[in-house]
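Listed next: structures, encoded as structure tokens.
The same subunit A turns up in both complexes below, where it pairs with subunit B and then with subunit C.
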Partner chain A sequence: MKTTDIAVIGAGPAGLSCAVEAARAGAQVTVLDENLKPGGQLFKQIHKFFGSREHKAGIRGFRIGQQLLEETEKLGVEVLLDAAVYGIYEDRLIAYITDGKDHTIKAKKIVMATGASENALAFPGCTLPGVMGAGAAQTMINVNRVLPGQKIIMVGSGNVGLIVSYQLMQAGADVLALIEAAPKIGGYGVHAAKIRRAGVQIYTSTTIKEVLGEEKVEGVIAVNLDEKWQQVTGTEKHFNADTVCLAVGLSPLTELAWMAGCEFTFIPSLGGHVPIHDRNMETTLKGIYIAGDITGVEEASSAMEEGRLAGVACAESLEYYDENKALELKNQIWDRLDALRTGPFGEGRFTAKLKQLDARRQLA
Partner chain B sequence: MQSTDVVVIGGGVIGCSVAYHLARRGVSVTLVEKSDIASGTSGACDKAVLLQSKNPGLHLKMALESVKLFPGLQEELDVDIEFKKDGGMIVIYTEEQWKIMEQFVERQNKLGLAVQLLGKDEARRRQPAFAENIVGSTYSPMDGEVNPIYLALGFFRGAKKYGAKTMLGTEVRGIKLEKGRVCSVITDRGNINTNNVVNACGVYAPFIGAMVGLDIPIIPRRGQIIVTEPVAPLIHGDVNCARYITAKFRPELLGNDESARLGVGLSLGQTENGNLLIGGTREFVGYSKSTTHRALRAVLKHAVKLVPALKGINVIRSFAGLRPYTPDGLPILGRVTRIKGFYMAAGHEGDGIALSAITGKLLCDVITYGTTSLDIDMNKLSLERFKEEDIDVFRKSHNCYGDAV
Partner chain C sequence: MTQKTGVIYQGFPSEDELSRIPGMPSEERIKKGSVACIECAQEIPCNPCEEACPYGAITVGKPITNLPKLDQDKCIGCGLCIAACPGLAIFVVNGSKEKAEVSFPFEYYPLPNKGDEMDCVDREGNMVVKGKVLRIVKPPKYDATAVITVEVPMEHLKTVRSIKRLGRSDR
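This part shows the complex of A and B:
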């Protein structure tokens, strides 16, 4: 049977950062990903990252992906692609499907870095072709170079909705409007200002009433919401759109963690049910760690830091690092994570993550 | 404080059936369930109402009586329970199995079960998906199918319609006795005054028994089942293999390889939606509801041998359920002599769905009339048939607490 020191599930920013960190310590690392290309969501991120220099601020997302891949290659990390992990079984046995066939690999430590998936929104017509996640539209334009449509309605004014609106325009589409159910814009002011300057109107306290069309999206009817989030009849607006992009949040992809038997806690601001973990990113199951959006939805920079943390912790528990060296590295990462979780947007996540750690302490 | 004539503990198919039959007879009944309807064993099984898998004797007799009630339930309940009588086959793939099944069939025929042996060609004509190298199969037109979750829900809604009170998400914390008689049930949502309690908690029945000092010999036997994507009709009725029957009644005859240790035997059926349910295992691993890669592989390997077409079909899910196993394979039903007003309705192992209808009726008879008009010997189903000194040995020898895992 195939064996490895550390198996990392998911080759996105968290998984690759974890692999690099653990391999640097000397561990044998195998990364599994169901996609045909590694990098997770990094390769569709053509915008520059925020934050400070150690968080690679000013560097575009796909370049960060390229750097991570170069490092994994240099360090001899094995990356298995088209490997859909479907279960974690007894004694840390990972079962996965490659090319339609069943395979297994046994690992001393497992890191789940499975990421998140886009939330859907229910309204009449929501299953028509042309209604899609904003992230899916972003993949189409930035990775596959295909325009999902010409006339777009974006739903949701978080950073994803704002950034993808701009990128759709760069790719040649027309964003007819951005609508937001809340009374104010959710994402960064700079992003919102940028798309406003480009002529996109942002309608707050507005939602989709109905998407029209027989076999595909042929029009959108939006409607105002009152203070109680109820639709106000008579305020309908018709848009001649052919595509609706939904940027209404993400949910952690936790199926594997549920299956493995990790204990969970419920923290709505992190995306709902999230696995409980400790300061080392270890779940309630010994030898099984998590990193990135599976631990609660944040962003790529903190995902990478959590990945590094899990990598160092795994390396330490396999004795590739002594306690002092590991503590020194972990202290640096914890500091950087804390820095990422400050400011008006980070504060809430900081409190939420404290709650998650507290759930672990209460169990112990 | 609430008052009721009977408290039924457990919202699986058995508890719901007991509550339904009592409520329909006009008894004031309250059903208490820790979690939700069919959230345990009743929601983690296949859909066969198999007569052929019942031990010829009291077991088969009860099943025959039970199955007679299903067409009426299909009419009566407000939920479509998807009852069908598509027959069932037990596939035989060695000469040795053929000889054993010959005797089994003869005994079943004597008890009134219509079942016959079919040679290979006839078996494959009825079930074209069978492999070419089988020896033959049995066939009974009397085997049926039902959706176990809808059945439990149908009983539950029926009970409510006839006036039963139901308390879901409510945990029983204790049972109060007065002079050797049940006087109230203590729950985390208040106490209920009652003189009668039915313990319908399946694999958890021993925990309720312990509240009144009863030692109940029921232990969990895990069964793992695999679900495939929906496909065009492939399997007609219920399909089992001769090994399934052996694993159920005489696991020691299976040998000592891995597949024998897991108690692998084929159970195969297709749901109304087209999904195939492929089972299963019989394992004594305590209360663990995990699936294991080793067992899923063994089950699929065995299934593909007998039905080669399965090879090209995608698996989408797997789950495990805990079957309430008793030392003699019969359920524990009826009055418990030592405690007045305490009744048992548990321990059906993998036959709870098929026996749910008769169990509800029997309990209702015993609680309201003190006896049943059905020709069933309740003494053979009583808790008292077991000696207390044997129970601990039974638990330990069957790894009840999962220590050996």
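This part shows the complex of A and C:
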């Protein structure tokens, strides 16, 4: 049977960062990803990232992905693609399917960096072709170079909705409007300002009443919401759209963690049920770690930091690092993570993550 | 229902917000020549502008959620910060000549040509006035972000912040 020191499930920003960090310490690392290409969502992030130099701020996301891939190659990390992990069994045995065939790999440590999936929204017409996740539209334009439509309605004003609106215009589409159910804009003002000066109107306290069309999206009716989030009759607006993109949040992809038997806690602001972990990113199961959006939905920069944290912790527990060296590295990473979790947009996540760590302490 | 103003409601900073943030130059400074306007009104964890400035005119410091502070006497209006800002929130204005000059980041193709008369737009994307493209700067270091400078009547120095996107068929 195939064996490895550390098996990382998911080759996105968290998984690749983890692999690089652990391999740098000397560990043998195998990364498994169900996709045909590594990188997760990084390769569709064509905008310049925020943060500080240590977070690679000012560099476009896909370039950060390229750098990570180059590092994994240089360090001899094994990346198994088209490898869909479907189970984690006793003694850290991982089962996966490649090319339709079953395989297993046994690891001393497992890091689950499976990411998150887009939330859907139900309304009349939501199953019509042309209604899609904003992340899906982003994959179409930035990875596959296919424009999903010409006249877009974006739903949701978080950073995903704002950034993908901008990128759809860069790709040549028109964004007719961005609608947001809450009374204010959720994402960064600077992202909103980019699309505003491109002429995109942002309608707050507004939702989709109905998407029109027989076989595809042929129009959108939006409607205002009152303080109790109820539709206000008579406030309908019609948009001559051919595409509706939904940017209404993400949910952690936790199936493998449930199956493995990790204990969970419920923190709505992190996306719902999330596995409990400690400051080493280790779950309630010894030797099984998590990193990135599976631990609670944040963004790529903190996912990469959590990946590094898990990588260092795994390397330490396999004695590739002594306690002092590991502590020094982990403290540096925690400082950078804390920096990303400050300010009006970060404080909520900081508090939520504390709650998650507290849940671990209470169990101990 | 009256529209509430401010960045969290309208998606761009209001006059009032701009007057209170530390990244904006004074009227007197603008009249002296090119200077940066850092229209960053929310405390987000971000500081590439600080490092981009070769003159030490921008300070974020710690925590990195501090709003960038402009030292208007150190700033020479070189515009290096414009392309460095991941939020595309920095502009350079020059009020020292007969006509105002406004430089802004632009990431849409096709680009205009130098000398073109373009539809200049405000922070809401409304066409304000026609303006001539004086410069388009796009070195490899900017990583595909172009910095465009337009010339507009002086009264539009504070309102013009971009140009209307050209359609794919306009070139």
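Methods note: the second predicted complex is superposed on the first by the 364 of 364 C-alpha atoms of A that agree within 3 Å, B and C clash if a C-alpha of one lies under 4 Å from a C-alpha of the other, contacts with A are read in each partner's own complex, and residues count from 1 in each chain.
Here is the rule we go by: a residue touches a chain if its C-beta (ideal position, glycine included) is under 8 Å from a C-beta of that chain, and two chains touch if they have at least 3 such contacts.
If you're wondering where the values come from, they're calculated on a predicted model, not measured in any experiment.
K.L.:
Is A:151 touching anything from subunit B or subunit C once the two structures are fitted on A? First, second, both or neither.
P.N.:
In the superposition, A:151 contacts neither subunit B nor subunit C.
K.L.:
Please work out whether A:47 is in contact with subunit B alone, subunit C alone, both, or neither, and reply first, second, both or neither.
P.N.:
In the superposition, A:47 touches subunit C alone.
K.L.:
Identify the partner contact of A:344: answer first if only subunit B is touched, second if only subunit C is, both if each is, neither if none is.
P.N.:
A:344 contacts subunit C only, not subunit B.
K.L.:
Is it subunit B or subunit C that touches the larger share of residues in subunit A?
P.N.:
Of subunit B and subunit C, the partner in contact with more residues of subunit A is C.
K.L.:
Same subunit A residues contacting subunit B and subunit C, which ones?
P.N.:
none
K.L.:
Give every residue of subunit C touching subunit A within the complex, in rising order.
P.N.:
7-13, 39-48, 51-52, 63-65, 84-89, 107-109, 121-126, 143-145, 161-162, 164-165, 168
K.L.:
Could you pull out which subunit B residues touch subunit A in their complex?
P.N.:
290-294, 297
K.L.:
Can you check the complex and tell me which residues of subunit A touch subunit C?
P.N.:
Listed in rising order, the residues of subunit A that touch subunit C are 47-53, 57-60, 63, 169-170, 172, 183-185, 188-200, 202, 204, 339-346.
K.L.:
Could you list, by residue number, the parts of subunit A that touch subunit B in their complex?
P.N.:
Interface residues on subunit A, with respect to subunit B: 87, 89-90, 93, 95, 102, 104, 261.
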